[in-house]
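Okay, structure first, notes after.
Note that the chains are named A, B and C in the order they appear, and that numbering of residues resets to 1 at the start of each chain.
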Amino acid sequence: MSKRWAEVNGEAGPRADAHAPARPSKARTTMAFIFVAALYVWSGIGTETRPVSLLLGIPDMANLFSRMWPPNMAYLRTMVVPLMETMQMAVLGTALGAALAVPVVLVSSRNISRYRKAYYTARAVLNLVRTLPDILLASVFAAALGFGALPGVMALAVFSFGIIAKLTSETVEAIDPGPLEALSATGSPRINVVYYGVVPQVLPQFVAYCLYVFEINVRAATVLGLVGAGGIGMWLQRDMNLMMYRNASAIILLIFAFVLVMDFISNWLRGRLV
Amino acid sequence: MSAHRISPKSRLCRAFLLVGAVIVVLAWAARGVEFSLTRLGVGVPQVLRIMSLMWPFSWVHLPDVTVRLIETFQIAFLGTSIASVLAAPIGFLGARNLSRVRGQTYLAKFMLNAIRTFPELLLGLVFIRGVGPGPFAGVLTIGVHSIGMLGKLYAEVVEGIDTAPLEALAASGATRAQVVRYSVVPQVLPEFASQAIYRFEINMRAASILGLVGAGGIGTPLLFALYQHDWPRVGLILTGIMIVVTATDLVSSYLRSRLV
Amino acid sequence: MIELIEISKTFPNGVQALKNVSLTIGDGEFVVIVGLSGAGKSTLLRCINRLVEPTSGKVVIDGVDVTAAGPEELRRIRTRIGMIFQDFNLVKRSLVITNVLAGRLGHTSPFRGLAGLFSREDIDVALSCLDKVDIRDKAYVRADQLSGGQQQRVGIARALAQMPSLILADEPVASLDPPTSHVVMRDLKRINEEDHITTIVNLHFIDLARQYGSRIVGLRAGELVYDGPAQDATEGTFESIYGRRIHEGDLRDVEEVGRSERGSRSSR
């Protein structure tokens, strides 16, 4: 039948010795699978993973949940101030971080930074700062300064600074260079070239990044207290330690609601930025 | 052409109001945490002083720190891997363009949001209650939390696919499962993998702090070192974390660039 | 008076954009530079205010050696040179008046510039420049809400706000439609005649070059190949500048081409 088809179409038809397209090497895929599987097993052993433990542990966890229910909602009346403190930590931390980020962005953006060494240094510092999670910074600061809201604010500030500076630098590097060229051509001092040419182009994005980081900081601020850095987390820590589980669960629900509300507000604000 | 005639006066007014509002909020926030520039002025030099105490590192702790860092990697790896698989079905359920049951997406997304909003450290405490302190609790925490995070992202990926191939396949008489297998899966798989790898980057950081509440990894020796104000040891640990996380970030970027 | 003395420019990637170009331009002249894309027009213009650094050669403006000037002096020199760009280069999100006031930044102290506090005088200058290009009523409109032609007029106003002694225009009408191109060229010509500002314009539309220029300079592959009065430039002149026959893409107003002169229909 293939011969007939070949005649009809005037072609030579498939030749027996024609080269078939090379099949992707199966060996490589198998090796990759084995490697990943080995990684799994090794990780499982290293972390003492025993699914059996999980099953055995369920009654304990259920026990915990039962002792946390129903939550003691009346307790929340005393939690208003700590919650406010949490929000204030998030606000201040984000604001300080953003303020710190502004001058650094001028150095860490390739298209407006003037000295190469400073650029590379700034980039390196930002990358290193961003490797440390906010709670880690908070625990170190709390150990250095004593418990309270100050180490929390400082930790959030450093953390926010890293993220905002990196994201804003990337935005700055992507702006239209035309207006900058035009402003230089008018003989304007350099700082004004930046202010009139760069800032209008990146301001909305910068504010959006600040709000995004603010969302993250709100979540973080609620648990910073668990390592002693202030906010409602400290009361949660205390209640868990004192085994006042119904209070603790009330706080958890409050945190829940709080984060959802702040997320909503933040998203709404970001939507209005355009 | 719809051009706004914004007079200079009203623009100035708006700008002033905005700046004023921001200042008011900041002042309220500062008062609430008893924040003042003087306290900051004391705090920053103190932190810098402590940082200077971190060097030279206490190299004697290097073996223990290395082991713990490896353990952190394992926690993050296992947790992310399990979550990346388990989150897939939930992601599909939460995608608007594939759902057949009314309210299916809302339920799925609500569940995912609930998991996501639950603070990781608290989740760690819960699991410690169940399986005892140690890295296993960390694996479970990262796993469960990541299911929430990845599930939502997966759903968004699925919602963003090209539906044309789906129609083509359905028109050729394929069953629903076949349609999914041959037109949806090839489109979403690379993006799923990319999201999972990015999640792994984040989870490396998360895993390093879980030890602070007892769920294994580098956080545990860090907690001890901080408690004892053993700053050289703290310095070693922090540097170790920075190195490992940076390495993970680089590998992750490389893998993700090869995927998409 | 502007003197370009043996200007050469070789880019880091090896491309030699300008080869020993020498040119003298007297005060108040309206010079049009023509040439194919890549002939070096843009580079030449940018060497004058050192947006591009010449590899060798000198630029002397009114007796001042621009090429040897230090950064602060260069900045001051630039305040006397207004530049107009093909893509307008306005800050899209800012108001028209802000864009024009940017032209005054060179004359304002940096701090005032940062605070946005321009003197009453500066604002008056800006408004009168907008008036000159007939677009004062759009002063408080966001720049990206204007049409291309209007944006270019704002660009011209910004250059005028500097109160320059020299205006450089790099393909000012390439992004505009034919009628608007004529409006802009007419504005430039009028400003040159009324305010006696030396004007150098890059164009690749030869009909506009002949219509508005008083002197035409031709560049080909980085070399100066023609320099003479506009009325003496014929079709043949341009063909020798371009090194090929003229076709429709070289003309702004295609209808003006006589049928007998239509060259081969080469692709744009």
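Definition applied: a residue touches a chain if its C-beta (ideal position, glycine included) is under 8 Å from a C-beta of that chain, and two chains touch if they have at least 3 such contacts.
Note that this is a predicted model, so its numbers are computed, not measured.
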Greatest Cα-centroid separation from chain B: which chain?
-> C
Most heavily contacting pair of chains is A-B
Just curious, how far off is chain C from chain A if you go by their C-alpha centres, in Å?
-> 47
Computed distance of Cα centres, chain C from chain B, in Å | 52
Using mean C-alpha positions as chain centres, tell me how far chain A is from chain B in Å, no decimals.
-> 6
For the complex, which residues does chain C have touching chain A?
-> 49, 51, 75-83, 85, 87-94, 98, 102-103, 105-106, 110, 113-114, 155, 158-159, 162
Would you pull the chain A residues touching chain C in the complex into a rising list?
-> 176, 178-179, 181-189, 191-192, 195-197, 200-201, 203
If you look only at chain A, which of its residues touch chain B in the complex?
-> 39-40, 42-44, 46-50, 53-54, 56-58, 60-61, 64, 84-85, 87-89, 91-92, 95, 127-128, 131-133, 135-136, 139-145, 149-151, 153-154, 219, 222-223, 226-227, 230, 236, 240, 252, 255-256, 259-260
Tell me, which parts of chain B touch chain A in their complex?
-> 25-26, 28-30, 32-35, 39-40, 43-44, 46-47, 50, 70-71, 73-75, 77-78, 81, 113, 117-122, 125-127, 129-132, 134-136, 138-140, 205-206, 208-209, 212-213, 216, 222-223, 226-227, 229, 234, 238, 241-242, 245-246, 249
